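Two complexes follow with subunit A in common, the first pairing it with subunit B and the second with subunit C.
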Partner chain A sequence: MILWVDDDTIPSLRAYYDELIDAGYHVEIARDPDEMWDKLAEYLDKVNCIIMDILLPTGNSVDREEADMGYSTGLVLLQHLKNDEKFKDIPLIILTILNESKIKAWAKKNNIPFCNKQETTSLDLLKKLKELKIPPDRVIHEN
Partner chain B sequence: MIEAQLVKALLKASITSGHDIIPILLKAVSSVIKCKMCSFWKINNDTDSVSILAREHYYPPHHKEKEFVHPLKGSLIGYVIDKMEENKDIFFGIDSIKNPPFWNYYLSKERALELNLSKMICIPIINYEKHQRGERIFEAILNIYPENEFIMSDQIGEILRDQFSLAISRSRLLSRESLTREIMKIYESRGTKDLSSILHPIINRILRRHINYEGCSVFLWDPFLNRLNLEQTTGIEGKPKKQDVYYYLGEGITGYIAEKKEPILIHDLLDIKDKDLLEKCTHKWTEETPHPKRSFFALPIMRPSKSDELLGVIRITNKLNQIAPVVDYFDKGDLNLVKHACVLIALFMENEQNERIRIAFAMQMGHEMLTPAVAIKGSAERLVRMWNSPFLPEGKVKSYLNDILDHAKLQIALTRTIEYIWKGSSGTPISEKYQIEACDLKQDILIPSRKLVIPLARTEGLKFDNITISGQYPVLYVDKFAFEQVFFNLLTNAIKYRELKNPSSFQINIDCKENNNDTINDEKNNYIGNLKGFLLHIDDNGIGINPAEKDKIFLLGYRRKGIEKTNVRGLGLGLTVVKKILDDFYCKIYVSNYKKPTRLTVFIPEKLLNNKYIREKEWERGTA
Partner chain C sequence: MKINYLIFSIFAFILSIIAIIISSTNNQISINFSDFFSISGTIITSIGFLIGTYFVIIAVSVYSQLRDIEKLKDSVEKMHNNSEIFFDNIQKEGNYILSAMMINMDDFLSYQINIYRETVAGLAGSDEKKKDDNRKRVNKLIKIRARLAFRKSLLDRDRRLNLLRELSNVGDLSDIENLKEIIKWEGEEDQEIKELVAMVIRKIQEKYRIEMVQ
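Entry: the complex of A and B
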């Protein structure tokens, strides 16, 4: 299962979402950090990848100052995940509309694939999952 | 004759000196009048204290604080001033300071014995400007301990009084002029330096030359975080990180000043009698000062372009005596000088704040505009790739096409919002910004506005039917698209700020009725006016509005405190555009209820019921 942390509306994410569903992935969307932690608690054993947006509301579990008032909530969450024994081995992907060099540099330093929504197509995202060897949750038979 | 010598010496000294004129004049006095010692003290009428400004022939060690600053009460200077206020004499002569009652008041007995001081002449110096207005206020005193053979006269007294009085006035003017010149020099040579770099020499060097103080900090108002952030300081105790030092409105003395927009002068921090003030003085952060904190003042810095808007706060701790590192008291003159400096500093601050708002706006705008564009691109890319694919379900094509259409409409509406903001600030005359035509407020404006928010409502899982329109609606002569923007933004706001935990409670009601000169009050019962026209209420069951923010919500880029915790997106532009357009059309918008329901009321004046107003001179005016 892919846990996707993004507060954009479904129509905005539809292209990516449908691509993943059609490829056999089960996708759960969390719209803020609080929802992310709830879903991780519920689905921990099933989550085999987390896709993270950067520009996110802080909710109640992320410090506003640390997250620069929401401008880098995703980075804070990723750091927490990497530092937590329970979650540190879950593969991570950044998928964001931001194209800032400091985020790219952070991603590179932490060995997390960086995907920018302006350039990354839904097919590119699928390819990235395959590169990370994230298996779909069901097999799709193409006739 | 001594009078002629004195005049010559004093005139020569005053021509050659800069703004440290007093010590130079005192030197001139002691060169003509043979004396064991002479001193010039400034009287602080706010604190009833005196501070030494200059002295000749005696230089006490700095630890003898009374030689530099002491209260008037109980001192010989205080005794003399009281006596001089009763009579109109030019000077007060004492044959021997060791005689009663003078010796009882003499604070530096050790010095008197050491220097064998006996005869003393005190010449109180009148405030020159106030004297011109017929007021007799002493602002300084010249004390001379002459050799015994010296004979004082009224004429000598008058010469000394007038010259020193003029010198003090001149010193004040020169100080202001010099301060202005130095700050403007910094401004002109600023290049690409940021505000913090510009403020550093001003508070560490320039301002300190005119008022010697131990600690100073400048805070800049952040309209996005709704707080005062530290911009520059001479040093904060504990050496915290700059980004950790801030105050919210009303917090501590700094936040209190920002809220009231009034200066505060505290003579002695150790002796505050007002309980409220004492509570507020529990600073989170204080300036680093070598001496314990005593004297303090703080000023709000107001925006030059809008004098009732706060830009920041400056606070200064521990004035030092001019000739020794002894803690002294601030007076209104110091406050006025810093106020003058703040008018100039505000030029930098306003520029910096505008730049930060512009950058934040551009960043947010970039993101908000990109999101629908990326969604359109994503949906279109999938369609192009899978158009002929047998695996693409039929229903999906319609879904993708609807998404493309909805996001395109949303992007157009957002772009229009930007367009109206740009038009609002471009200086274009109002008459050129709008196309006026007859529009039914309900059929031509409200109903299309409601349609525009369909995609937003749908994606948020809300029932479009829960946006209802009722009441009596007039035909108005306005710009249809501008008014559509108004209600598009009002509805979008109501959707965004709904109760997320209870989606089924979502409801927006729009109602309109005629107002026949009835008194209109806002939620706090503040009078708006007795106006003829229509009142349109937009009610929603959302998260409500904080009463403290009721006017701020219309500011450009303003986002409510804590809103980053939720998933409310936005530029913080919508209500600014709404207010701008409504202002242009002589309408008013205000919060008439804060919660349950949240009610925004729009007053539409009767003059919009026909198009005569577009022929009036006022319509040709530029933007406000």
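Entry: the complex of A and C
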């Protein structure tokens, strides 16, 4: 199962979401950090990848100053996930409209694939999941 | 009723005149001074009664008109209150329609972004110029979409917050004045939006400072 942390509207995420579903992945969307932690607690054994946006609301579990009022909430969450024994082995992907070099550098340093929403197509995202060897939750038989 | 008063007083007056005429023409009745004064008194009293009746009629008429004016005032006030409610409802309906239009616009722009990213980019093949043009087009659409957050309260709060965060990345200096207007518009209680907008302004200014330095 893929846990996707993003507060964009459904029409905005539709292309990626539909492609992932068609490829056989089960996708759960969390709109803020609180929902993410709740879903991780519920689906921990089933989550085999987390796709993270950077621009996110802070909710109650992330300090607003630390996350720069929501500008870098995703980075704070990724750091917490990497530092937590329970979650540090879950593969992570960044999917955001931000294109800052310092974020890309941070992602590279932490070995997290960085995808920019302006350029990354839904097929590109599927390729990334295959590179990380994330198997789909159900097999799709093509006729 | 006022006609009755008038008729009665005229009748009383006429009767008193008739009484004088009869008494003065009847030779069998002699009028001395005291009789004369009492008859005059009767005449004066009936004239006074007539005039008094006239003013009573005016007073009654004025009172009745005042009552009518008050009723009219009440009905105008009621109509004014009803029309205020009516226009309030029209405004609410209008805001609801505008809000729905803004949501549709947000969704439509999202679909366009998806189409340009998913389909048009693919058509560019290996042509870097076409890819770059497409990237710029997608960025422009993201910018237009993010600017929907400028309009006060016509998008739901979560959408606005999401678009404002995006604007911190794609916005430019021309957006700063509109962002400052948001801080002025929002009420005292929406501190989160004000703080977010301050962050957005700061990020845009930082971005342009960096670009100017480079």
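Definition applied: the second predicted complex is superposed on the first by the 143 of 143 C-alpha atoms of A that agree within 3 Å, B and C clash if a C-alpha of one lies under 4 Å from a C-alpha of the other, contacts with A are read in each partner's own complex, and residues count from 1 in each chain.
Operating definition for what follows: contacts are C-beta pairs under 8 Å (C-beta built on N, C-alpha and C of every residue); 3 or more make two chains touch, one makes a residue touch a chain.
Owing to the predicted nature of the structure, the values given are computational and were not obtained by experimental measurement.
Following the overlay on subunit A, a clash is recorded for the pair subunit B and subunit C. Of the two partner chains, both subunit B and subunit C are touched by A:Arg14.
In the superposition on chain A, contact is made by A:Ser122 with both subunit B and subunit C. Look at A:Gly59: by the touch rule set out above, it reaches subunit B but stays clear of subunit C. Judged by the touch definition given at the top, the superposed model places A:Asp22 against subunit B, while subunit C stays out of reach. When the two complexes are overlaid on their common chain A, residue A:Pro113 makes contact with neither subunit B nor subunit C. Among subunit B and subunit C, the chain that touches a larger number of residues in subunit A is B. Once the two complexes are laid over each other on the shared chain, residue contacts for A:Ile97 go to subunit B and to subunit C alike. Within the three-chain overlay, subunit B meets subunit C in a clash at only one of the listed stretches 258-266, 546-554 or 582-590, and that stretch is 546-554.
Put simply, subunit A uses residues 7-9, 11-12, 14-15, 31, 55-57, 64, 69-70, 97-98, 117-118, 121-122 to touch subunit B in one complex and subunit C in the other. Residues 106-107, 110-111, 113-114, 117-118, 121-122, 135, 138-139, 142, 158-159, 161-162, 165-166, 168-170, 195-196, 198-199, 203 of subunit C are the ones that touch subunit A when the two sit in their complex.
Across the complex, subunit B meets subunit A through its residues 224-225, 243, 367, 370-372, 374-375, 377-379, 381-382, 385, 391, 396, 399-400, 403, 406-407, 455, 459-460, 564-569. Within the complex, the subunit A residues that touch subunit C are 7-9, 11-12, 14-15, 31, 55-57, 64, 68-71, 97-99, 117-122. Taken in their complex, subunit A has these residues touching subunit B: 7-16, 18-19, 22, 31-32, 55-60, 64-65, 67, 69-70, 97-98, 117-118, 121-123, 142.
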